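Across the two complexes that follow, chain A remains constant while its partner is chain B and subsequently chain C.
This part shows the complex of A and B:
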């Protein structure tokens, strides 16, 4: 029997970090990570019909939620929390914008699908850094897809594009 | 006297707010200076009292302001907490529900050299049901009807394609148990029709890697931030007792080649599977560079062609795959190779068999696709694929002259296009040219969907 189980003993060798699953970062942890030692003030907004339409038009996709979870940073930047459905499950993510609306960082807060979790890979998220409202942020064209994680990649990309449009339509005027 | 009371009050009052401290110190300094001068300058005393009154009023105003700020802070903190709760509730409602999904594909195949064999088929209708038991434990299943109607007199099959529980141990490692997909090649894990080019799945990942390939067992999977993932499992595997060494008739079309493909014909799919000998697999994938994937896997297990043989047959399949999407291009390649040990004894028992048990089989393909046109959600992607495969490239124990050096290798060119109405619905057309069995040449049309 031992001779037959050639591969299984390899499993324990590959055991990785012990942090608990699915929720990778809480909102507070993401805030501390993305805006270290910067005061964040909640500025939650319920988008009006006009604002929602303007955002949807600019982003080219529908908003699933009119409640914008935004925090204004003392340095003029913004910390935004949003959720998109991957294939079936909600992917929670946070976006940090600089004072001029340039995307500084994307972090995945929670992920629950069996497949497609590669949207968490730093190299994939790095592709969004430096994007602004009006920039092309389209999967396959500007944001490279990950084979086997297409739906998660597509929906997070659409979500980020909506948040950039939201900055241009709503947040830029609130500074 | 009044001065003293004010002074006393200022000293005794705890200075909670740092901003008030400089004010108090300034006041103390003023008072001290005032005290020294008071005896000699009564007019100055009055002036000082006025100043103190003013300062006292200012302190009151600051206190009020502080109270207001505190209240505002509390309100914001409450609001933040409330939103956090809303988010959690929203996530909980998205998590706890039953999940439903599906995919399917319809083919129209027209063999160009024998149009009487033209066929149309609802090849697959698949419905998926999932359920989240808790944050870390989920159930996934897929039920498939092949060829539309299943009964004893119809060609269809009703199959359970996946049925497993996945449990996330840590954010980097999960385990699963049940009937699940074997991580081999590019298509098997992403086999929905929107995920591959051409009406039919390619031959390498149908005949060499038997997609949709699933086995029953347990597996552990994990990944790293660098983009490396691994998957190791212990499952049921091939049962060579299912191999038909003397088929009643030769394959009439390319679709019939499945019956002659070693793994396609012998994998078990957890249908009262022989589990005396379990198989093992290991797969690794690298996806650390966006738009690029490379990986490899090996699957190996023993079975016995028939009882009473001196030795078991070990079937081993290994493969390597890569996919790269620079710009609008989509390039991929898969190489898969299988080996079955101790086949000589089997084949010697059936001299002259029409379909002896092969010792080796392999296949590979190169594929290029390009998005030539995109508008809104529409996308048109022509593609070209070159495949070589051989279902019996070497035989042991067969009589001289009968495929002793293996079958001739088939080579297939496939060219066509996928036209996406949106990412979930695709119309397909392609033409396939077989160099060995040119009678299989065909025109294919297809509709695929996935939600």
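This part shows the complex of A and C:
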């Protein structure tokens, strides 16, 4: 085992709106993974004021979106897709609930992060060659790993809590 | 969709879940898609198990049981918890207390951890010497104290996940738990190091890694103001001062648990870290925005920082 630290010289960045992202699973892939061989029926709901208030009260945090992306599973469970926005990141995630509303699985679907400084790094900058300003760089193909700030998943945790409250307030009655 | 590759075709699967208070990212290659997903599921489950056992907050964790009872009677812990405690105590010995998991009460004082419910009141004079690991994975405290495994358990969880993936037959895999990461397989990986405390040198740090683990630690994002001075999550041992939150430590070691824990010794004392790093076959670097990079304990001829 011998590791090397490489310090690559920087050059000014040409791209105006730095952003980079990883896509882990599409909605369809997450459905196949979390509800294998189970029929899922879309049941998209726009939450009313009363429902939204009840959810926010139960979960202890604000809803950013009244449109609930829900699929009802043939086994009585629910597949839910949501997104949360942090200071520097945007995280899409999917949740599987059992027929009794218990949390069964959480999978991150995609992750986008935007920091001012980082994309000044040349190895990352090179990945912007041929990409338009604002295009997201795909971490999977371009940048393998990053170590440094331990990014909190607090927003996802809060989002999951809101979805569980949404089940209790709205979905449990739609059987 | 998932079955778009022909059966048996090797492809790479990459997934992430919110675990260990961060985003845990797992990549695996060398398995067909169903086997890869099953292996990744099992790896995530292994990480969740470690989290449940070693959580400071969760009332059902081994730590909660220790905080409640170990100052009165010996408590049997899971073999995972015992493994982490064994390395933690060895590192405390080797670093003369610069690494010390008995700092839970200090982190609660700083507002970085909530006070554990139902725990015995910690003795401020207690430190790692007061933790006894007995036969049969039993643990006893000589004085009441609160253990925090935040500086080592995440790395251990990464190691457990890697073992699961290796046992499943993965030829290449990477587990990254918010910067504590380990790579197995013939392909070297390049890891970009993010410096939270900033850097004015005009360079971009990367580390190339092959069949090894990497951890980086910096107190910057978790720092609090404590009596007007910045208080980070890292302390120089149980009774020592807060460590400069602008310092970053990067350690490469054979296992993620070792890399994770060694970053704390590197932050606490670069000189004292040298022998400990060498004893564990590790390499390390320290960075400060004012001083730049400094290499410690290189295992072969020193790597030029060009």
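Following the convention adopted for this analysis, the second predicted complex is superposed on the first by the 115 of 175 C-alpha atoms of A that agree within 3 Å, B and C clash if a C-alpha of one lies under 4 Å from a C-alpha of the other, contacts with A are read in each partner's own complex, and residues count from 1 in each chain.
Basically, a residue touches a chain if its C-beta (ideal position, glycine included) is under 8 Å from a C-beta of that chain, and two chains touch if they have at least 3 such contacts.
The structure displayed is predicted, hence computed values, not measured ones.
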Check whether A:90 is in contact with chain B, with chain C, with both or with neither, and answer first, second, both or neither. first
Who does A:32 touch here: chain B (first), chain C (second), both, or neither? second
Touching partner for A:157 - first (chain B), second (chain C), both, neither: second
Have a look at where A:22 lands relative to chain B and chain C in the superposition and call it first, second, both or neither. both
Quick check on my understanding: which residues of chain A belong to both its chain B contact set and its chain C contact set? 4-8, 10, 22, 24, 117-118, 120-124, 140, 143-151, 154
Which residues of chain C touch chain A in their complex? 1-2, 14-19, 21-23, 25, 37, 174, 176, 178-181, 189-196, 198, 201-212, 214-216, 218, 220-221, 248, 250, 252-254, 281, 283, 285, 293, 295, 299-300, 303, 305-306
In the complex formed with chain B, which residues of chain A make contact? 4-8, 10-11, 14-24, 27, 41-42, 44, 65, 67, 69, 81, 83, 85, 87-90, 92, 110, 112, 114-115, 117-118, 120-124, 127, 140-141, 143-151, 154
Looking at the complex, which residues from chain A come into contact with chain C? 1-10, 22, 24-25, 28-29, 32-33, 91, 93, 106-108, 111, 117-118, 120-124, 140, 143-154, 156-157, 160
The chain B residues in contact with chain A across the complex are 76, 79-80, 83-84, 86-87, 90-91, 94-95, 99, 101, 130, 132, 135-136, 138, 140, 166, 168-174, 176, 186, 189-190, 195, 220, 222-225, 227, 229-230, 232, 234, 277-278, 280-282, 287-293, 298, 300, 302, 323, 325, 328, 371, 423
